[in-house]
Structure formats: C-alpha cells, structure tokens
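The following block contains the structure, expressed as structure tokens.
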C-alpha cells in the first residue's frame, strides 16, 4: 500500500515544483539547515524526522498518466490507495470507525432527519394541521413556480449574479492574499489585513447604504470622479440602468468580503515550504515570479476546494443586497429566487412554496457539485469527495 | 502563546461570571405576569418601567411584551402554531387567520359578561363585524375606536405636501388642481433655484420603494375626489367598485408627471432612491413638494427640518384634485379595522385574570397612565382639569430611553382614541390642542392663518362620515394568492411596479401608456378582482345593516 | 528558469563557478530582477493603499455618523468628522435592555462554541484525512451534502423542541457543531501534511487520538486559529436562533438579539407614527444613526479579539514569507 511505500510530497509543495526543480531540491537537502521555526522545531522534537525529508523529497519515479502520458499530481488524484473493505481492514481501522460513529449519528439527527420537512413542498401546508395532516397537492407548487414566465428571468438573474460573484470574489480574495503576502514590513502588513476584514462585520443594510452613497447621482464620489476625468459628460444614475446592476452587486460583495475570504488563503500560504522560495530565487525568479510560480501554485489545492464548494452555492446569492439596491426600473434584472419566493410566499404563509424553491436550489446545487467534482476527478485535481 | 490564551480565557470567564452575578440580582414580586407577543416591530419596555409598575400596583398584573424581529408575522405565528405553544396574549397581525384556524384563540364573547369595559368597548353592530364564521369573537380591535370626537391635529394620512416658503412667496394662493400645484412649485424653483445650503432645490420628488410606492400609484383616486379606500374606488351612491388604474384621471396624472419629469421638475432619482435617501433628501429642505402620508416622513424628516431651523421648509398639506369642480376628500375618520386585533390564546392559564386586566386597562385611570404617563411626572393638571406639560416634560417624552423606562402605553391592547374618558382632555398629548399650539412654528402659524386653518387637519376639507365598507384596504391587505381575486391583486401590483416608473420617464408617453394598458389588461383579469371586492362591499353593507 | 535549473549548488558557489562565461548576462539579469522587484513593490504598495482607502473610508464615515446627532446626520454631508457631536446614539445602544445578560450569554456561547466546535470538527477532519480510511469518501459526502440541503424553519423547530433544546442555552451550542465548510478546510490542510508523520507515530504505537492531539493539533495551529475565528464570528453575530428558540426567556438573550430588537424598534418608532411626534425637541436618534453606533459597538469585541488570533497568522506567515 502506498503509505507503506515512498513518502509522498505534500500537495502544497508538489504543485509548484517541476521534476528538474525536484532534483535540485533533493541535492540541496543534503545540506540541512537549522529549523527555522518553532513549529518545525517541535516536529523535530517529536522525532518525526521524516517531516522535513518528506516535505522536500520527491517520489523517485514521477507517476505517468496511463492514458495521455501527461504529468500526474499526487495526493487525492487516482494515485490514492484503493482500499477494499474486508474484515481485516475494518478491524485494523476500528479506532477510526469508532470515532466516526458519533459524528454520523449526530449528522443524521441534526442535518438529515429534519429533511422530512421537504414533504411540505408537496402539500398545501398548514402549520395547524402539521406535516401529517396537511393536504397533499403533488407538484402543484413546483408547477406554479415553473409555470411563471417571470421565474425563468429570475433564474437567469440568480445564476448570472452567482457566477459574477464567484469569479470576482475568488479573483479578488486570491489576488489580495498574494499581494499582502508580498508585503515585507510587519506593521503595515498587519494594518492592511486588519483594515481589510473590517467590512465583513458591517451588515448589508449598512453596506448597501454606503454603495448607494458612493454611486449617488448628486453627491456620489464615483460620479464626481468620472465626470471630472471626462468619462461621462454628466452624472449617471447607475441604479436606473439594467447593465450595471449585476456588477454593482458583484463589487459590493468584493468590498465586503475580500479581506475575510483572503484569510483562508493567507493561512494556506503559511503551509508553503520556505525552501520553495529559495529554490525559485536560485532559479532567478523575481518577487512577482515567486508569487506567480510558488505562492499561487502552493495554494492551488485550497483554491480548488473552495471553488468546488462555492460552485454548489452559485444559486445562493441571497436577497438582502438585491432587495436593498434594486428598484422598480431594474426589477427585471435584480430579482433573485429568494426574493421571488419571499414575494409570493409572504402573501400566503410562505412555507410550501418556500420549501419547493429550497428543494429546487438544493437539487441544482447537488447536481453542480457532482458535475464539478467528477470534472475535477478526471482532471486529476483536488476534489471534495 | 498558551499563556496568552489561558489568560484570555480566564479573563473572559471571570468577566462572564461577574456579569452573571450582576444580572442575577432580581427582586421577586407577587404580581401576575402575562406574556404577550405582538407580530409587529416595536420597543420592549425596560425592566422596572415606572408606568408599568404603577399599573401593576393598581391592577395586580402586568404584561411582558415581545415584538416581531427580522421575520414576517406569518413565519413567527407559523412556528408557534406548528409547535402548539403560544404566549398568553397575542396581536397576531397577518397570522391572525392562522391562529383562528388552529383553534389557538379563546372566544372573547364567552368570557366577557363579567367585564363591562370590554363588552361595552364596541357597539353591538361593531362587534358583529368582528365575529368569525362560527359566531364568536376572537380578537378585539385596538385602533380607530373614537370616544366622543376625533381630536387629530395632524394629517396623518395622504396629501400633497408643500413647503410654507413656496406658498408665502406666491402670497398664499389658492392651489386646487394638479396643474396649479406644479405651476406653483415650478415658478418658485425658477425664481429661487438655490437652497440655503448652496445646493439646488429639487421641486418635486416621488418615493417609489417597494410597498411605499403608494406615493406614486394611489393619487389617482384622491385626484378624482374619493377617500382612501386603497385598492379600489367605491362609488358612494351606488356602492359599486371601480378600478382607478384605468380611469382618465389616472392617465392625466401620469401624463402630467411625465411632462414635469421632462421639464426637470420631477427629481431624476425618484425611481431609484431608497426610503433612507428619500428621507435624507427631504431633511435637507431641498425638496419643495411631494405626495406622501404624514407618518412616513413626519417623524423623521419633518423633525430634522425643525431641529435644523430651516425657516420656511416645513411642509403643509394640500388637497389637490385633478380638475376644478372635484371636491377633495383626503381626510377620513379613523378606521375600525376588524381584520384582527388583541387576542387571548388557549395557552393562557388564567383567562379570567387576563380578561380582568384588559378590562381594568380600559378604565379612565389606566388610560390616562397609559397615554399621558404619571401625574406631576409626565404631565400636570391645571385648575380646569386640563392636562399640560412643561417644556422639560415634552422633551423627556420623546426620548427613547425615557420612554422605555417610564411610559407604558400597551399600544396593542384595546384603547380609546379621540377624547379621554374624563371628557376634558384628548386621549394623548399629541392630540391636545393646547399642547399642539405650544409647539407650532411661526411660519406654520402664519400659513394656517392665511388659509383660515387652526391645525394641519383643517388645511384640508373636513372629514365626512365613513361609509360602512370603508376602508377597503383592510380587506385587500389580507388577500392571498390562494384566491383568484387575490392572485389578480398581486399581479396588478407587479405590473404597476414595473410599468408606472417607465411611463413617467418615457420619451413617448402615449406609446408607453398604451403598452402599460395593454400589459395590464392582458395579465390582470380585473373583473375577477372587482367582483371579489364588490362581494366584500356588499358583505360589509349587510353586516352594518345588522343581517 | 530552465537555464538555472541545472545548477545544483548554492548561490555563491554558483556565481563563482559560472562567472567566467556568464558574468555580463548574469549582471544584467540580476539588475533586471531588482528593477522588476522594485516595480513590483511600488505597484503592490499602490494597490494595497488603494484598497485600504476604499475600505477604510466608509467605515470611518460610519464612525463619524455614529458620533453625530441623528437628525442632523439625515441632512447628509458628513465625511470623516461628526458635524454635531453627540453620544446619544451610543447612549441608546448601551442603555439597551438586558445588556449585561446578553453580553454574558454572547461571550459564553462564542467561547464554548469556538473551542468545542473546533475540537470536534478537527477530530473528524483528522479521521477523514487518513488516506486509507475505508469510509473516508462516504463520510465526507455525508457532510458535504449538509451544505446544500436545508430543511426549513418548522421541521427544524419541531426537532429542537422534541430534543428539549428550545428555551435552553444548549440550543446555541449543540446544533451546527460540524460545519462542512470548516471540516473540509481542515481536512484539506491535514491531508496536505505528509502521511509519514502519522505513520511513524503509529509504528511507535501511538493511537489515532494521541496522534491527533500530540502531532496534528500543534502543527495545525495557524489553520485552527483561522477556523476558530470563523466559528467565533459566526456565533458572535448570530441572533436568529435566539429569536426562534429562546424568544420569551430574557435570561437566555444574546447581545445581537437585543441589538436587532433595538434596531427594528427604532425603525418602527420613526415610521409607525407614534404618539409623540409633534414637538420642537428633536428625537435625535434615527435608524441610520443607531445602526451606525450598533455596527461599531458589535464589531468592537471581534476587532479586539482579532489581533490575538492574528499573531498566529503572522507566525505562520513568517514561515512562508521570509527568506533566510
């Protein structure tokens, strides 16, 4: 079995290194350096000497792809051990299984048992009659949703905003983490990071107020700048134009969450082996080069897993921001599934139609996740399960 | 590092315990406490509220009110109904029908024989209007029950508002029609384009945010001289319902807005501004006029204008109509809303205690404490028994913290409006005319004088007695998409939300209007809706006639 | 890159050895790199400064509004400095009902949840990071799915009620213990550690719980700090569970719920046409100004807590970021 064989690279390091680099590193490893950090020192003390070796030493033979002959990555790709469930493996892994059982019971109880409530979508649910007593209406509410022409537009809006949000939030969070990581001075770095996460604590109602102020026709700073440098002749009413809305939503999200989202990448960057940078320096890479060729690939697995996860959330673009920024003139591009549900649900005690839309969103999410996951699998990349 | 964490945790735990000890100090009392949930947003009273304690001392019971927060009423009530657990008392708002269907409310009329204040609170005919299909009364309406006479000084409803400086500049002219109104503010803006703060004045703005778009959509029936029935016009003589969206006056009104939009009189941000922005804009005093209901801007923007001493920027109401010869009817009597109210639930263990408390709280003494406060603390009494307040008392009475600590109106319990039960004072300070005049700004006094009015109310035509079906909005508000009429009603709102702003900013008004009318007639089966409304009008008439 | 890959020795050696043939090329190249680094530093500084300005201005503006008289603020035109200074907004927020009980419960739930949830999630993540574990995939899938399915309010309420979690402090702690997102982040991090780390300990006879506690936990400190922060922030700012499950018990109230009540009551005061509107004395608080003060007050504790956790990030960052 693989874990008994040659120690594997950590994915974080592996991704950045070509075979030639590996050779070089291997050589370099012959001149060990003293442990640079407390953590590394602690590991040494624990007697896990393999740690350092393992983290820099490549597999002796690069795994070739059976099909296309292209390079294969390690870790979760198909190089993963295929373990057959036999009595013996079960016995050997009994400790892991014992630990898992309470977690499964917990998950069943708190996450899956309440899903019985999905019945509501197929009923004319009345709280006083309960789940068992309410009248079954079959697919009535699904038909009502999908029979409405407006709903198709709503799906389009939701999807477009979801995609724009996904792309922008990823781009900005990763970019910010990379740039911040390049700041060498301790205090400015701390300052910038602290500032960057502050907007996360503002509620949407405050943030949308800020966005409206900035984009206002009469006193907005954006209009002032654009008019002064001559891009526009006169102030533009951004909220009256359908073309801008999705982008306004996207960039509002960027403003609020970039710093917060970047925390996870910054933490991932800490896991990158410092020797990778030295190697890249030797290669003559400048700071940009190192950022591009070492840091970015070093957090690739984090990026992938977050991307997969968020793909499933692409329809969950919420309602608050669209509701607070939208208006009647651009209703046709601002309405999301959640708003649609609220609007129709509110006049009729909500529950059935809300549940139907919830099921729809869940199904779409799960389909997306499975598609993305199998795409990642066949590309040999990091994946969710 | 470990040390830091340990210390941090230790500090947290210590402070937590301290907080716990401090919070734990509470005195015991033998006063009954009823829990009440109000499915509306509101302010919780502080522990130890003075007026509440006084009432508790007098009647041996108090009510702990909790309010709706960040949820719809249906959601909150839905969860309660699903779990079968209720507070002792409830104002279920939109969840009322759900509570009735769930059998969660006690029939008030079964218990009221011992409690005359409750039984005599409404007339027999009015109680009949409150009865459900099974003949029982499950909720007591709290609002619009006027003792003796209406004492309103403020126009709380809708009007065309205008700044006093505009009227003064034009020498307090007669402003009757929509054309007069726009000509006046247009002329004023042309002559005085700059506001005191250096920005340009905005002659007219329209609020069009979500449900507050009534500021744009409902003026047609006012312009046509009908009262605020909300969803439809009801011809008073024949009691037939008419859709106001398609009457000629509606087209005339939107065409006028369209013209004025092109003239630059109507604020270009009208249809994109949020409620907050609208309020801020009005607060600067830059806006000369707009259509709105007073409660929507009066307690924020008007107060801001007063606080900033913007001379001449206070708004007074005008009863504008479409054409000469139409008689405006903006004022109306307080409406009795029978679609819900105060209820006692089946979870209440002491129904008689609850009934007794409600009964007691309807007494003269309790009403005075609820709405005026404590004697010599919140108000004083002069030799004639007339209540008055010192300036300090007035100041205190608007302080949110003071209110939470000292005043206890139990606003969602039954109450009398109009005159106090003592027959001398108004039911609350804001309606006391002596109190009102004390506060009036000189510019407003001058304006009132010019038009022969004494209060805001008198700037408009006097109230006419309400018709038995009034107000129809109390029916249409409760329409759901489960009925055909309700579905049409919701669709009408959709279409109007989408097309009315388009019509106003259209380059080609006629084409835009035709498109709107076409979509409107295609998507909304208006006859179904009108039939539904007509049935309700007929039902209300027959109930009022005692059938 | 390719050219230098062949060089196997450290810099100095290498420079000396290749001096003869490569000297001019090298120098030019090094210069180019230095220039490149300089440009990079400048661009980087500019971008981050821009970001700081764009981020900070609205927050400072909120701060200014929170210290400004409410009605005066409605007139707009406040930038970084309050125009009519007033502490009224803060007074209103801090005189809120049940402030102390709410603060106690918020601190307690945040601290307990951050430790307990992190510990349990990390343990499960450890199990799932064992590559040869036979149920790794199904268990991961089991929890990943929880991110995308939502049962709705009423079924959840009924469940909690039947478990006696309603009207109890435990409802803040027991549900939502394992957030799939955090689980996956931790799992990814742990499975990126070399498996030899675990294996050699296993050979020495350590069991999984020991390995998790003694070896993985110390290594995972930076990512633990991050996840703990995520959990803490979530618990600190949640109020919905309070409202749904513990509405009527003011002993169980939290700071955020009290704040939400305050905010929604302020808006209702100004829009419901309350009894006391007609007066020259300004009410002086408005939803906007109270919101501003509330925002500042609630973000404070996290802002204060953050630097403690950030120390871990900084420690981590020096591992990766600084050359020797």
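By written order: A, B and C. Residues from 1 in each chain.
Going forward, contacts are C-beta pairs under 8 Å (C-beta built on N, C-alpha and C of every residue); 3 or more make two chains touch, one makes a residue touch a chain.
All values reported here derive from a predicted model rather than from experimental measurement.
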Query = Looking at B-C and A-B, which pair shares more C-beta contacts?
reply = B-C
Message = Of the chains shown, whose Cα centre falls closest to the middle of all protein Cα atoms?
response = C
Ask   = Between subunit A and subunit C, what's the gap in Å when you average each chain's C-alpha atoms?
value = 15
Inquiry  = Distance between subunit B and subunit C based on Cα centroids, please, to the nearest Å.
reply    = 41
Cα-centroid distance, subunit A relative to subunit B, in whole angstrom = 45
Residue numbers of subunit C (touch at least two other chains) = 76, 153-154, 158, 288
Ask   = Which residues does subunit B have that touch at least 2 chains other than itself?
value = 75, 78-79, 82, 276
Contacts with two or more other chains, residues of subunit A listed in rising order = 127, 209, 351
Residues on subunit A engaged by subunit B in the complex (per definition of touch) = 126-128, 130, 150, 208-209, 212, 216-218, 237, 239-240, 323-324, 327-329, 331-332, 344, 346-351
Ask   = Which of the residues in subunit B come into contact with subunit C in the complex?
value = 1, 4-5, 8-9, 12-13, 15-16, 19-20, 22-23, 35, 37, 40-44, 46-47, 66-71, 75, 78-79, 82-83, 87, 153-154, 156, 197, 276, 279-280, 283-284, 294-296, 298-304, 306-308, 371, 391, 394-395, 397-401, 403-404, 409, 428-430, 435-436, 439, 441
Remark   = So, in the complex, the side of subunit C touching subunit A is made of residues 1-8, 10-11, 14, 29, 32-33, 36-37, 40-41, 44, 47-48, 51-52, 54-56, 58-59, 61-62, 76-77, 120, 123-124, 127, 130-135, 137, 139-156, 158-159, 174-178, 181, 184-185, 188-189, 191-197, 199-201, 204, 207-209, 214-215, 218-219, 221-223, 225-226, 229, 233, 237, 288, 291-292, 295, 298-299, 302-303, 306-307, 310, 313-324
Query = Which residues, counting only subunit B, touch subunit A once they are in their complex?
reply = 72, 74-75, 77-79, 81-82, 95, 98, 101-104, 199, 208-210, 213, 268-269, 271-274, 276-277, 479-482, 486, 490, 494, 497-498, 500-502, 505
Key: subunit B-touching residues of subunit C, taken from the complex the two chains share   = 69, 71-72, 74-76, 91-92, 95, 97-98, 100-101, 103-104, 107-108, 111, 153-154, 157-158, 161, 166, 239-240, 243-244, 247-248, 251, 257, 260-261, 264-288, 308, 311-312
